[in-house]
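Think of it as A, B and C in the order they're written, each chain with its own count starting at 1.
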Amino acid sequence: MSTLILLIATGLGLGGLYFLVASGLSLIYGLMGVLNFAHGSFLTLGAFVGLAAGNLVGAGTWGGLLLGLVVGALTGAAAATVTELGLIRPLYNRHIEQVLVTVGLSLATVALFEGIWGPNPRNVTRPGWLASTTDVLGAHVPNTAFLNVLAGAAVLCGIVAFLRYTRYGLIIRAGVENRAMVTALGIDVRRAFTLVFAVGGAAAGLGGVLATQSLNYVSPHMGASLLIFAFIVTVIGGMGSLTGAAVASVVVAVLQQLANFYLNNTGDLIVVLLLALVLLVRPSGLLGRPA
Amino acid sequence: MSGSNVLEVRGLSARIAGQEVVHDVSFEVPASGVTAVLGRNGVGKTSTLRAILGLVERSGEVLLDGVRVDGERTDRIVRRGVSYVPEDREVFAGLTVAENLRLAERGTTAHGTTPERRGLVDALFPDLVKRAGQRAGTLSGGQQQMVSLARALLNDNRILLVDEPTKGLAPRIVTEVAETLATAALTVPVLLVEQNLQVVERLAERVVVIDAGRVVHTGPARELLDDPELVQRLLGVSAGGAGDEVSTSSTSEEVEAGR
Amino acid sequence: MNRTRTLLAALGTLALLACLPLLAIPVPGVLPGYTYEPGTLQLLALCWLTAALALSYNLLFGVAGLMSFGHALYFAAGIYGLAIVLDRTDVPLLPAAALVLVGGVALAFVVGAISLRVTGISFAMVTLAFAQAGNVLVRRDQGDLTGGEEGLALATDGVPAALVGVVNTRNLYWLALVVLLLVYLVVLWIERSRAGHVAAAVRENEVRVRIIGGRPYLTKLVVFVLAASLATVVGMAYLLLQSGASPATSTADFTLTLLVMVVLGGVGSRWGAVVGAVLYTLLDQRLAELAHSEAVAGLPAVLRIPLSEPMFLLGTCFVLVVLFLPGGLAGAAQRLAARRRPAPEGAAA
């Protein structure tokens, strides 16, 4: 029983991380039709810069972590904004080329990160509480899981509130449905593009710093490995659906944990099988609109 | 020359997926009244409107109040006071009626939204005020058409581009839409694509007939409608009781132009 | 007349390439030594195999418009499949290769049948996910089959002696050249076939193909399986050339580099894919050497770090090509030719 609770709790924590990456991917795809391969790089950059900023205040302190999270999010947002303005916008409406530049950017930036910070993972210093566990009904749940769930939930609520209560949120929701009609109402939808990139980049940067706390290391490749699962989450949830991404994040992560424990470390494979199954039954994903 | 015309189209061509669907179209829209664009299904009427707005790839000249706008982005053209009521309404199904309308407000700049305009829309569409919180996707076709019209009428326009507003609606609703358009046309010129000849007869002063992507006839509406032979030749229908006989099924052009 | 000339030029080039191991031509700055040296031949053979692989990817992406992010899976299936069969059984090379090819076709058929249920970006992601599963399997080393991160050395018992060892590099070079020629001809044949024409039509407008009675799904599946099988064949030759399997060949990044080559050369162009792949392989090699050179080591960090990462330079190069050189090298060549020979009036529109 306590094992099951532990697996579900760590699964939820991992799901929180997946959602931080997948939410941006899903929003960007939903509005712009762009699959952003550089999203993992926003995460990695956010992690490195955020940690560096946190270390200025003090490695392993709460103040340092808090600053790191803020700086990580801002870094991710800034990187995403520059990417959108410099590389995506010039290729307006040419989706294949847009995907290609993000592919090139991801290859180039991962190599650059390796050059700057070295190819190998580096250990990080965490606040004491985050390095320990909490007893939940007999299960020793790592405290990072709580932090990740909290962050994932906060970002979900934040994005939902932003979409529901702001003018840009309105534009984005309408744009996901019918972008051409939004422009035909006299709205420069490209500003909304930059904004979703920035929001997605911020979530990814935040996720990067949080991932270092769960993994206990930071590496130039952490973005790429999380990105693949975020892609899977996005497809299973339904491309462009935020709630779909949230649900799928949790389902995928928990399933992965369970399979890793009970089925001989086959979590990654089970997830791919789940993806195949979902596509066979519902090609548009769990909550996606039928094409 | 262009003093009396709000819109001039010169040598406009449009391409969809690399294929030219409108060829070298030229016509003018006077500064008042309704100008109807007629033609059989799939001859490029919708594409012509979308080309004016820059929603499809185009070449040629489009002049608004004598100023060329064909180089501009769609949203800029719209902000110059060109409102568009698309075929099939294209309301945002997941948004509420109020949100659909809020999205269409262009602020208080020139050709934007004014309190008077809001009042006018509320007066014209009392049903929409009642249904403000309802999702547009759950409305009937006629109600969605009202949302689409209201979105356009919220702003202080130079011209309205209206594409088949009565398509697929019940006869009673057709009349209602036509009356709304007639009211709107009192204050703003309208370029109307319409298949229903009774509606054209009720609203239009001038007609532009398009066939196979080219303009084949222009002139006063009366002149065309009073000549059954001409109607038969240009539009392939008989003029009497035309409304019921005009097919409203979607065509390949409409499918492609959809998005 | 024009066609004859092209054919003659192609045959001439091929003959020259085939004779390279017998000649002593130095190409300073491009090749590490004289063309007959094993190191040079090894690099050139790698170029030919990469070009063959890029051709198979171009068939998928350029001709059928299927942006797969999982092409590495079938390449790795060829490499690891053959490595495992040779390692675990006494089956000689040719039957083993036939067996692996059958396995590769079956794998491609299953994955393709599922992935092609979705289109566009979703298709890209799903193929990526399947390839990732393959990568996980390879790295996990289930039952000591794949050697995990270390990879798997080629078991040479079943391989003819003429294809083993550094002294026989020139034989491997010829093998690579034959594989490239073979793949080129097969791709050419597919493109000219009915299936190829339908695939190209599907890329342009799937709805229209369905309306005129074509079967887009089936056509795409056929092209998908053919492209994957070619990759499996190339993978098997690659195993012999490198005399080992490495998990890097099964990663998503590996597929991405294929995409880079094809786009660099010009999407949809056969010789573009070949040139792109050769250029990429040579650049990768040369840039890695540059990275370790003393000239770079002496530079300040701002210059040293980017210059010592070949992938950074290649990635940047790729982004620039996408932004400023539509159609890649093939597109640029076409524009140059058109400028030199102005088109007759009216044709420009």
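Note that a contact is a pair of C-beta atoms (placed from the backbone, for glycine too) under 8 Å apart; a residue touches a chain by one contact, two chains touch by 3 or more.
This is a predicted model, so every value here is computed, not measured.
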Longest centre-to-centre distance from chain A, chain (CA-based): B
A-B against A-C, pair bridged by the larger set of C-beta contacts: A-C
Middle chain, criterion being Cα centroid separation: A
Inter-chain centre distance, chain B versus chain C - centres from mean C-alpha coordinates, in Å: 52
Whole-Å gap between the CA centroids of chain A and chain B: 43
Interchain centroid distance [CA atoms averaged], chain A/chain C, Å: 31
Sites on chain A touched by chain C in the complex: 29, 33, 35, 37, 87, 90-91, 95-97, 99-101, 103-112, 114-116, 224, 228, 231-232, 234-235, 239, 265, 268-269, 271-272, 275-276, 279-280, 283, 291
Residues of chain C that touch chain A when the two form their complex: 67, 114-115, 117-119, 121-122, 124-126, 128-130, 132-133, 136-137, 140, 252-253, 256-257, 259-260, 263, 305-306, 308-316, 318-319, 322-323, 326
In the complex, chain B residues that touch chain A: 53, 55, 73-75, 78-79, 84, 86, 90, 92-95, 99, 102-104, 106, 151, 155, 259
Footprint of chain B on chain A - complex, ascending: 167, 170-171, 173-174, 177-178, 180-189
